[in-house]
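One structure is given below, encoded as structure tokens.
First chain written, first letter: the chains are A, B, C, D and E, and each begins at residue 1.
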């Protein structure tokens, strides 16, 4: 039946790779070779992008707002730090996964608290959990090192082969690889029926349940997955900086995360990546110009972004690339930024 | 290469911003006074904000070393920040001049670390000794629950109880603590001779205000502690309740030397307020960098610079100080001061001096 | 016994302080459904205005308090007319982004103008110290806070429950288009409410300076507390946040007094437990908005 | 005849208000059953209890003989109980294709599938296509639901309910907001369902009710007033007094 | 000028879209106008344009001889326009009573009188807007418009979702109110048959333009017009 194949074609529309996406990733990879002196900040951006992607999974797709995502980041960070510090798992990739799983367990356990309630409640419950964890980490300073953080973490080479270097080259490519793999996985998930059902729940939980979607179970699943991602981001943080200190749990980290995601746009996975680049670059730019008052300018940019409207900004930003691609490939608008905010 | 670059990493934003500002100001002042060339080299300061978050410190330090090719890294508002940069100093073989952070272990983390600030052990042990000798038998302690607070508490207790004093109540307050009322009430109920207090810079004002509000001063309960609680930066704003507070510290804006008078006057003129102990640490920090360069004759080899710094001795606004050649930590006088009114303003007036105090945290180990 | 009473008094005073700081937010967030995270910035503005008037220009404290209200309200209305009003219909995330931006700007601006050191407001002697009632220490300043907050709560509750203004406001929030088509001057109602919320924040900032201290990071440091009060209280009335503040204040003070080790855990744990028990807050209205 | 859906002594109160009073309804399999009654009689509330959106205070609900009183909403759907809402409940940001695709996937048990992409299952695609065609939604299948005209949204609302292949379908004022000329189309679609599908209809448009239903229950203040075939209900003086009014109804 | 409501060459729509290209319509005191038309022909847009919540490109609206074109919607409402929106738009966080008192204006219609008309509402007076049944919401929307004590009553599909007996009473009441003096009404309706009895005049829209404007008696006599424009037989099924 032609209608059926038509339906199949259109149903897969969003799941297909666009040229723009391929170009995007090639560009990211190219950065690794173009700016060999900036590995650190680029690694920082990648970590932040991964972390933001985790928030996007719950906020952009399932509509769960969180101001305490740093909880999972922190657990991942400390888990990776402790594993390395005590030599429990020396191989970074394995340690990364274990740290992610640790965060995932916490995610699963706390998901039951989070799925109830309205947005504001969720914000505050998640925030409360992160703050409690921070307080706990401070209290159990014999394990966590208290305010001094974990001291003396030394990372072993990746796969026993590639050592972390001072310039952060290995760290960058390692982070990029992790980000890309997890991105592929997330991309697959969000385009599955499961991913679509999350969007349905975000749009209208009442109707979602009325077509047979087990709403709570889906929310728990995605929240747990997001916790895993955040844990991995945290573990990457520790592995690439050899630092784990209390501020991994800090409110500011969760709040920045929210800003990054909102700047980049929610619900299409690239928001985190774009937001991370924009946010960090702005921070870097302003704090170089004025180390004391850079917050003012960041604030101004945020205000302007909102007043001008993110959609319009995206359109402006994408105008040139689209124009070029259209000229070259003769296709219609290629890169588009869907907006779907909670 | 005729410039020497100093990467200055300070908390310029966030809760520790006033530390960063004081140090930056002091450095500016020093360079105005002494010129920006030394041993034929021009000194260039590159300031980075780390908001007292260690991973930012580390990234900033790494960028400074790798991209800006700095010859010194300096600043560091809090201990974790100083520690985060330590391995980089070792790897890059450049001096790390710590101008604020006060935990003992810091200088042990890298052979390239020198400190011009203080350690908490220095003033806490001294005030402990002083207290027992001056008729204070029962003390209640109120310290912020984080590493420096615990350091202060432990060093104080060690000397105080060794001298025969008794700690009757011990309260640790959360780091972010808006209201001291319940803790102070506990202090009051314990009826000690004095309260030993350590709270992070900035919260001293809150503490003293509420101390007075609750009438602990009238109940005859004194405040003693390391000087953070009566930091010159805020002291004048705290009201008369602080009068009589006795603290042990490295610096008072009322230190009666000519050099200090000039320093305070110049600082006030340039920035409109009094310098605190953070300012003087910064001032001495940059001085140390200048002196080291003088001694190496402009050679920027890290090992040579560190060698040159070891054993340096000079007169600072706070009094005579030196760098311990073994530990690279600061050796300085610790003064016992009492808050008094001088010309209508509140000052920590020094009345006893413990000379050339080393970091007791290390020497005892 | 006196210890319990003293703690109760301190707890009530602390709770009232939280309330006076947060009730402006309860108005903008709870009633207008606008996520104004810059609330603390308005509080800070009020605090600094009061500080400058009292410390630098020698105004009496009680004369400066109303001015703290007025100046924050004036800043509020200026921003509302120029910026905020474009954002009522935008998503909450946009509102968060915008108001965080404003907060950052205010922090840096105040740091630039006033420096980053903490400041306090000089109090008249009449407000300093404690007096004794049957052995219970009553702080004068805290007592004043309790009185002011009590009056404020009663006044607010009257306005919102007993006058038409309250229902017109909620109507305008529920459905601005229909409200305007049915004769409610929506922009005016919003502007007035917003300015009032900001004024309350300013007053709160001025009152809290004595206990919390004022520095440029005030808006960020205490943002969490404002939000806790409003969420726990439930965002559809003034009584909710009021009782939540009391509960949290008393709980916090008692927790810190009796089990100081648990200090930081008390308030967060209370919040989580309450929100799990009643996801819409203690006095939230049934269905989700 | 077997009973498809049954309530036993159902009770529901809001605060002090009894909205459902000791309600025992039996709906036979394959019936075209209408539930009518004055505004606020509690019809929507009954539907909400049947589907699990609201929990009854007491009483039982049986679906094809099995007790479903305590089942969550989605499980009832999977057992074959599906509904439409009085006010459209759709996904504003999703397209009709996605909306229906999701409903079909869930029913076929692929809803939790997180690896295989949408649109790669032939059986699902076929069914989506069939439904889109039947409800005249094929031409707008890629447009976001918010942008659709109301009539199309209403059709989508019903299509989603039917995508669940219900054995019992509950329709809450399906014709609300639909113009005169299209009302009968909607019921025609419903009427074309297989005979063994049971339909319970709530509607205030009496023309529609009487042309569709073969049995009518009248609910007043939460309790059953009367029940019977259309002609009998239409003549009932009590029903006229509380609900129908004086205007004659053509049966 | 005796027309209570006068619309002159009104061009209106949403955003860039023009829904009503050029609408001219006037209504005298005591008149009940039935507005018919298929889905999406612009009935609601016309009502909303009188209220002032659409985009006006050009043209004027006058109320009792005064030009209200430049007024904001809330000013128009206070000048005497009572609106029952198609979607009811009940204020969900207000109680039934507050829904009315929030917008009420002095005049003969008080909350008590509305309760007399819809006793059901009185029973639910302290329920919140989102705790009402569909029909109760409709009643409240009507009651709310009445407490505005309008000169022009605009009812967008007011009978939707109401029980037949209530519809009967409601329509009767609207007739009485309108003819009692000082006001005129426009009723949008899907079911022409329902209101032919009540309306004095019938206007049928098609693509935003009036295609038929005549006394209702004429339509009753000639059902073919309805058949032509609305696609349904005027006669009952």
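Note that in this section a residue touches a chain if its C-beta (ideal position, glycine included) is under 8 Å from a C-beta of that chain, and two chains touch if they have at least 3 such contacts.
Bear in mind that the values here come from a model prediction, so they are computed numbers and not experimental data.
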Identify the chains adjacent to both chain A and chain B in the sense defined at the top.
C
By label order, what chains touch chain B and chain C together?
A
Specify the chain pair with the maximum number of C-beta contact pairs.
A-D
By CA centroid distance, what chain is farthest from chain C?
D
Centroid of chain B to centroid of chain E, CA atoms only: how many Å?
76
With chain centres taken as the means of their Cα atoms, state the distance from chain C to chain E in Å.
44
Compute the distance, rounded to whole Å, between the mean C-alpha positions of chain B and chain D.
74
Chain D and chain E, separation of their C-alpha mean positions in angstrom
30
Taking each residue of chain B in turn, which ones touch at least two of the other chains?
13, 17, 21, 145, 174
Residues in chain C with touches to at least two other chains are numbered 107-108, 111, 264, 289
Listed in rising order, chain A residues that touch 2 or more other chains are 135, 138, 292, 294-295
Where do chains touch, given as pairs?
A-B, A-C, A-D, B-C, C-E, D-E
Residue positions on chain A within touch of chain D in the complex are 1, 3-13, 15, 188-189, 191-197, 199-200, 203-204, 206-215, 217-218, 221, 340
Please name which positions on chain B make contact with chain A in the complex.
10, 12-13, 17, 20-21, 47-49, 53-55, 58-59, 62-63, 66-67, 79-80, 83-84, 87-88, 91-92, 103, 109, 145-148, 150, 174-175
In their shared complex, chain C is touched by residues of chain E numbered 48, 51-53, 72-75, 77-78, 83, 85, 89, 91-94, 98-99, 101-103, 105, 128-131, 144-145, 148
If we count contacts the way the header does, which residues on chain C are in touch with chain E in the complex?
164, 167-168, 170-171, 173-175, 177-186, 236, 285-287, 289
Where on chain D does chain E make contact in their complex?
14, 37-45, 86-87, 149-151, 173, 176-182, 204-207, 211, 242-247, 250
